[in-house]
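I'd like to ask some things about the structure below.
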Amino acid sequence: MRLFARYRELAGTGSLELDVPAKSTALDVFDRVAESYPDMRSMRQSTLMAIESEFVKPQTELTDGEELALMPPVSGGC
Amino acid sequence: MLIRVQEQPLDLAEAVRAVEHPSAGGLVTFSGVVRDHHDGKRVVAIGYEAYGTMAEAKMRQIAEDVIRRWPDSRIAILHRTGKLEIGEASVVIAVSAPHRAEAFDACEYAIDTLKQIVPIWKKEAYENGEVWLEYEHRLAQDSAR
Amino acid sequence: MLIRVQEQPLDLAEAVRAVEHPSAGGLVTFSGVVRDHHDGKRVVAIGYEAYGTMAEAKMRQIAEDVIRRWPDSRIAILHRTGKLEIGEASVVIAVSAPHRAEAFDACEYAIDTLKQIVPIWKKEAYENGEVWLEYEHRLAQDSAR
Amino acid sequence: MRLFARYRELAGTGSLELDVPAKSTALDVFDRVAESYPDMRSMRQSTLMAIESEFVKPQTELTDGEELALMPPVSGGC
């Protein structure tokens, strides 16, 4: 999985390998990561999640080998 | 269609050349420039981080939307990453279209949408610290499948 | 404020440089380009004639309006006269402002108003003749004392 | 006085010197010029008039030595 911006800094890394139970959702993975980095917890509602470079809803289940990205709200542009 | 996320300084002329066309009557560009202040604080430097492959995919999606919504339009979108100085452009968009109102509308649509769905983050450094900017955007969340 | 009516080709970069500023977050440009067709007819060349002194005075008036209506904006307006080739710019406008929506609005206001009150005329040459374009504009007539 | 675009071509010149009676209006001058160039007559309603580089209404009276410009509707920009 990939972490960006503030999440990357909190975790000290931009990519993690994680074994999760079958039928885990994107939100399940967020909660698991947030256990280790408590500062992420308050951002649970606003976190953007993407699987294989497409935004997904938090309830979306992961399939074997897919790349999940957890991202703060975007602020590019200008 | 020219789409690119890059570390090198952006070249407005490159974006313009990419959309020039004999049937284009109007050509509108937008450059987002690093300002020297934000919310009353003096900005000394700024950095952009991108989820590169996804950012280019989303920028391409915006460009395809534009071409579909404004027939015969052409568009270029360039976004910079890394550390920028005050006055440097973080994003450059150029749009040409048969008529000027279309070019204005399409260019404004492109930058408005980019700021909502393209996974790029801005970190501002002030004289006494730095902060990641995180805007609340309904659109990116809504566009999730 | 950069205002000029000129015979030489217009330089978008010159207009951009004239409005760059550390507190400007958004910079929008408009280029009006000679198209290869009009009303279904193939355009082979185009010429612009200006009432030079009055045209620059009216362009300056538009620029002053913009600066008054959009605080902290900066504007450049260049218009070309004489014979132009397809693809060349007849007019270039650049506007910078603290925020992007202001820059878009101000730039579109400037070109819309220019087309109504600035005494410049366009003559289009087709394969079988040429014609002066004369638009009906209420604004120029209304702005008469 | 000055003539522009189509009017300039019709008159074969961009500037004319004209003696007009006191209190002549811009429209009076237009009518006088249009006597010589009948193709201008149909454009009486849409003609733009300026005195010393400022748009004026057709009823505006001219003062001694002022420069009047007669202009077709403008079509600059793009």
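Read from first to last, the chains carry the letters A, B, C and D; within each, the first residue is number 1.
Definition applied: a residue touches a chain if its C-beta (ideal position, glycine included) is under 8 Å from a C-beta of that chain, and two chains touch if they have at least 3 such contacts.
On a predicted model such as this, the values are computed, not experimentally measured, just so you know.
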The pair out of A-B and B-D sharing more C-beta contacts is A-B
Need the CA-centroid distance for the pair chain C / chain D, whole Å please.
24
Quick one: report the Å distance separating chain B from chain D, using the average Cα coordinate of each chain.
48
Check each residue of chain A and list the ones that touch at least two other chains.
78
Touching at least two other chains at once: which residues of chain C meet that condition?
25-26, 32-33, 100, 111
Once you draw an edge for every pair of touching chains, what topology comes out, line, ring, star, complete or other?
other
Going by the touch definition at the top, which pairs of chains touch each other?
A-B, A-C, B-C, B-D, C-D
In their complex, what parts of chain C are in touch with chain A?
25-26, 100
In the complex with chain B, residue positions of chain C that touch it:
12-13, 16, 20, 22-33, 35-37, 86-87, 89, 96, 98, 100-101, 103-104, 107-108, 111
Can you tell me which positions in chain A touch chain C when the two form their complex?
78
Touching residues on chain B, where the partner in the complex is chain A:
32-34, 48-51, 53-55, 57, 79, 90-91, 111, 114-123, 132-137, 140-141, 143-145
Show me the residue ranges of chain D that touch chain C in the complex, using the header's touch definition.
2, 4-6, 8-9, 43, 46, 48-50, 53-57, 60, 69, 71-78
